[in-house]
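Look at the two complexes coming up: chain A is in both, with chain B in one and chain C in the other.
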Partner chain A sequence: MSLAFEGVTKAWDGTNALSSLSLEVGSGELVTVLGPSGSGKSTALRVAAGLETPDAGVVRIGGRDVTATPPSERGVAMVFQSFALFPHLSARDNIAFGLRARGMSRDDAGRRARELAGPLGLDGLLGRRPAQLSGGERQRVALARALAGRPEVLLLDEPLSNLDARAAPADARLRAEARAEIRRVHAATGITALYVTHDQDEALALGERVAVLNRGQLQQIGTPDEVYDRPANRFVASFVGEPPMNLVEAGRLDLPGTTHDGVLVGFRPEDVVVEPSAPLRARLVLAERTGHDELWHLDAHGVAIVARPRPAREGGPGAPREGDEIAFRVDPAGIRLFDAATGRAR
Partner chain B sequence: MRSERWLLAPYALGGLVLLAIPAAATFAVAFLELDLLAPAEWAGIDNFRALLEDPIFREALVNSLTFAALAVPLRLLGALGLALLLHERFRGAGAARTAAYLPSVVPDIAYALLWLFLVNPLFGPINAALGLAGLPQPGWLTTGAGAMATIVLMSGFTIGEGFVVALAARQELPKELYELARVEGAGVLHTLRRVTLPLMAPTLTLLAVRDLAFSLQVSFIPAYLLTDGGPDRATLFLPLYAFDVGFEQFRYGYAAAMTLTLFAITAVLVGVQLWVVRRWRFDAGA
Partner chain C sequence: MKATARPIGALLVAILFLAPLSFLVTGGLREPGLLPAGGFPLLPERVTLDAYERAFALVPLGRQLVNSLIVAAIAVPLSVLVASWAGFAMMLLPRRHRRLAVGSSLVLLMVPLAALWLPRFVLFRAVGAIDTYIPLIAPALLGMSPFYVLLFYWSYRRVPRDLFDAGRLEGLGAYGLWRRVAAPLVRPTTFAVAALAFVTTWGNFIDPVLFVNDPDLATLPLGLRSLAALGPTSFPVLLAAALVATLPAALAFAAVQRRFLQSTREAGWLGR
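Right, the complex of A and B next:
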């Protein structure tokens, strides 16, 4: 079942949370929606669920117009950021909640809960209440509950942002595991999924396609590679990537055969090549080393540039120190041009 | 930290002088033969034995229990119902909440006078309305059942505190739980039974316990002001009877024994109530 937004607009107190959003998630596809807070990504999800009614536009599921259909009759299930588990119910009863609400017998609902528990690693935990479960276990209970009713469309609202914030080092591993879990579930069920997140690693790692949203407007939709390699505009270029693309204003740019006026030149930090024979000069302001990664903050005649140099061996003859002048060039294959006025890619 | 405890001193002093010492005195007096005529004499459990054989005491006990059995569920349902109706924001919600709370701030005497007017059989608005609707016009305070019904009804509107507590408890419940229930196809009744009531259960239990104790003790005021226990002792509640015995007949020892008995009955009933609620919550959670 596909999920489609057609010109969906939703305003809160006069400002548009969504401005004429059009987006289609193909049947069985997993699309991640990436955007900063306030970009309207959660609103989009809530409109798809039927928790909000759009001011204009149409939502279709499997081609059927469901804009006025109540949430429970859309064939959708939702995983909330807070997990929304009932604190007074066991994991089993939480998973079975929707089944029981729709009139399934206690035995059948319990059997379905057990069936889901195995693959999600919840065996033996079904009798526990949410307070007795870890963050990761709660997240999987919420996922199991969403899958229990065999929905056509799965809506996930930042499902990983609430994983044990207390344990920072374990957090990254837990998220990676949870990501793998969601990818596995998606592959196994072939469910259509819309996954909202503000975390670009999550969006790029999970999505078959990534939709980038800002201020209620769709900036770009494409495969993770497309979004990363060919940002559609200045916003995507400056939002995706850690750190994002360097954007340098160039009034006029002469390239073999063509001349560009009023452009922004974009290039990723990893496309900065540092070598003694290179034509450009910059001063190394700050060298940041975080384990395997090293970032150089350069000052090229007043233009700030971030570079990710190939790691030089510690103390090697070529390793510059902060304050040194270095020579660099930009790999032409990595250069992207944006219109300085409109911000669009050229 | 330690020095701040002194801030409790005024309350502790008040509690000691106004509650602890009178309670201890009542406990002691209950075992004395004490009236204004003769010096105090040790009576042992004579006062309690006399209670068992006092038909008026038995009548007052039944009246009190009847009142509690009618008033507590009514008041609790009223407070819960209003909280569930008024917890959301809408135009006029503030005014409606104020209206729900308002009867609770009317002074007891004014409130009793208001009800004397409301239930007046000849020109009270309640009977006038019933007459217009072609319904029978009861005599209210002139019959035993009518008087009991009036006092129960009266108590059904002074639920401001319970309402505010229930309202706060309902507003504490996370919005997502209700959104999830909507997505998962849970209807209004299923959501009420499986989500709202179990999650509000701790608060409702507290309110029920408080209201039971309240109903057994404070029913004294409307009965004293409105019916003075009548007609024919139909609204003679235990605290009112104890007041009569103590401060009209000056049989302090007997009144103290009655008060202690009321205290014990209240404690037992609250215990039973807690036990039932715990069972129910266990069932609802399973």
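Right, the complex of A and C next:
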């Protein structure tokens, strides 16, 4: 079942949380929605679920207009950011909740809960209350509950963001496992999924396509590679990537071959090539070690540039120190141009 | 130091609260006709149950006990249910209407009950409800007090909205959300409101005075009132009757409290 937004607008107190959002998730596709907080991504999900009614526009599931259909008749299920597990019910009763509410017998619902628990590693935990479960276990119970009713469309609202509350090395692994779990479930069920997150690593790693949202407006939708390599506009360029793309106003940086007026020149830190014969000069302000590689903060005649330096070829000088002047160039293949006035890619 | 300070403090508080209670128990064991004991009440020299005999002889306490139980058995569950529903309905309202509902509830809370005696009397007489239990039970249909409704409303507000959304996604309507999600999560409030409603109903003196003239329909507070009119030397009789009135309530409370605490512990809802 495909899920489509057609010109969906939703306003809260006069400001648009969603401005004419049009987006289609193909049947069986997993699309991640990436945006900063307040970008309207959660609103989009709630509109799809039927928890909010759009002010304008149409929501279609499997081609059928469901804009006025109650949530329970849309064939959607949702995993909430807070997990929204019922604290007074055991994990089993939480998973079986929707089935019971729809009139399935206790035995049948319990059997279905056990069936879901196995692959999610919840065996033996079904008798516990949410308060007695770890964050990761709660997340899997929430996932099992969403899947219990065999929905056509699965909506996930930052399902992993509650796992990083305690910043511990184990949590990074937990998140990676949870991510793999969601990917596995998606592959196994062939469910259509819309996955909202503010974490770009998550969005790029998980989505078959990524939709970037800002201020209620769709900025770009494309494969992770497209979004990363060819940002549609200035916002996407400055939001996606860690650190994001360098955006330099043309005219201040002398680049061979560019004759554009009023453009922003964008290039990723990894496209900065440091070599002694390079034509451009900058001062190394700060060298920052980030895990396996290093980030250089450069000052090129007043223009701040971040570089993830490719190692100089053999025989080059040793690593420069902070304050040294270095020579660099930008790999032409990595250069993207944006209109300085509109911000759109040229 | 700290470990001993706590039990000692608790003991002092307990003694403070126990004093009137012991007066109630020991006073009823004194011989009728004796003046009330001065100072801290201890057991009288001559322990006797004469006062109890006298109390039951003077006033149909047994009948009144049954009457009070009937009224409480209807009015208390009814007011808890109505207050719970009303509070939940208020929470479901759109924000603007909700403010209006909460505001008007607070305003109604300011109306002194005495201001309602006459209008209520006129009203109930007009519909021929004098000398029935209708006037004693009717307020339960409004949740007994706006305060109880507000207590429920505030409790429901504290339940995360996501839980209700999760319920709505499974097709629950207002009643389903209340029964399967909201009500189980506000059990402490339900218990508190039930206790308050019970105390209010059990000790309700004014309403029976106003609306119930038939001695067969009289409730316990009316009986106690007539025994109080006997004068100081009959205090043992009054206190004996008062103990009869207090005991069932205290027992019921003790029994329910244990079960209640059990259920909230199991839910993992308290202390987290």
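The rule is simple: the second predicted complex is superposed on the first by the 329 of 346 C-alpha atoms of A that agree within 3 Å, B and C clash if a C-alpha of one lies under 4 Å from a C-alpha of the other, contacts with A are read in each partner's own complex, and residues count from 1 in each chain.
Operating definition for what follows: a contact is a pair of C-beta atoms (placed from the backbone, for glycine too) under 8 Å apart; a residue touches a chain by one contact, two chains touch by 3 or more.
Everything quoted here is computed from the prediction, not taken from an experiment.
Chemist: Fit or clash for chain B plus chain C once both are placed on chain A?
Modeler: In the superposition, chain B runs into chain C.
Chemist: Mind working out whether A:F328 is in touch with chain B, chain C, both or neither, as first, second, both or neither?
Modeler: In the superposition, A:F328 contacts neither chain B nor chain C.
Chemist: Between chain B (first) and chain C (second), which, if any, makes contact with A:S72: first, second, both or neither?
Modeler: both
Chemist: Once the shared chain is lined up, is A:F239 touching chain B (first), chain C (second), both, or neither of them?
Modeler: A:F239 contacts neither chain B nor chain C.
Chemist: Is A:Y228 touching anything from chain B or chain C once the two structures are fitted on A? First, second, both or neither.
Modeler: After superposition on chain A, A:Y228 lies in contact with neither partner.
Chemist: Taking the superposition as given, does A:A131 touch the first partner, chain B, the second, chain C, both, or neither?
Modeler: Only chain C; A:A131 stays clear of chain B.
Chemist: Which holds for A:A49: it touches chain B only (first), chain C only (second), both, or neither?
Modeler: Both partners, chain B and chain C.
Chemist: Chain A residues touched by both chain B and chain C?
Modeler: Residues common to the chain A contacts of chain C and of chain B are 49-51, 70-73, 76-78, 80, 82, 84, 86-88, 97-98, 101-102, 145, 149, listed in rising order.
Chemist: Which residues of chain C touch chain A in the complex?
Modeler: For this pair, the touching residues of chain C are 160, 162-163, 165-172, 176, 180-181, 184-185, 266-269, 272.
Chemist: So in the complex, the part of chain B that touches chain A is made up of which residues?
Modeler: My answer: residues 174, 176-177, 179-187, 190, 194-195, 198-199, 201, 281, 284-285.
Chemist: Applying the document's contact rule, which stretches of chain A touch chain C when the two form their complex?
Modeler: Of all residues in chain A, those touching chain C are 46, 49-51, 70-73, 76-78, 80-82, 84, 86-88, 97-98, 101-102, 129-132, 145, 149.
Chemist: Quick one: which bits of chain A touch chain B in the complex? Just the residue numbers, please.
Modeler: 49-51, 70-73, 76-78, 80, 82, 84, 86-90, 93, 97-98, 100-102, 145, 149
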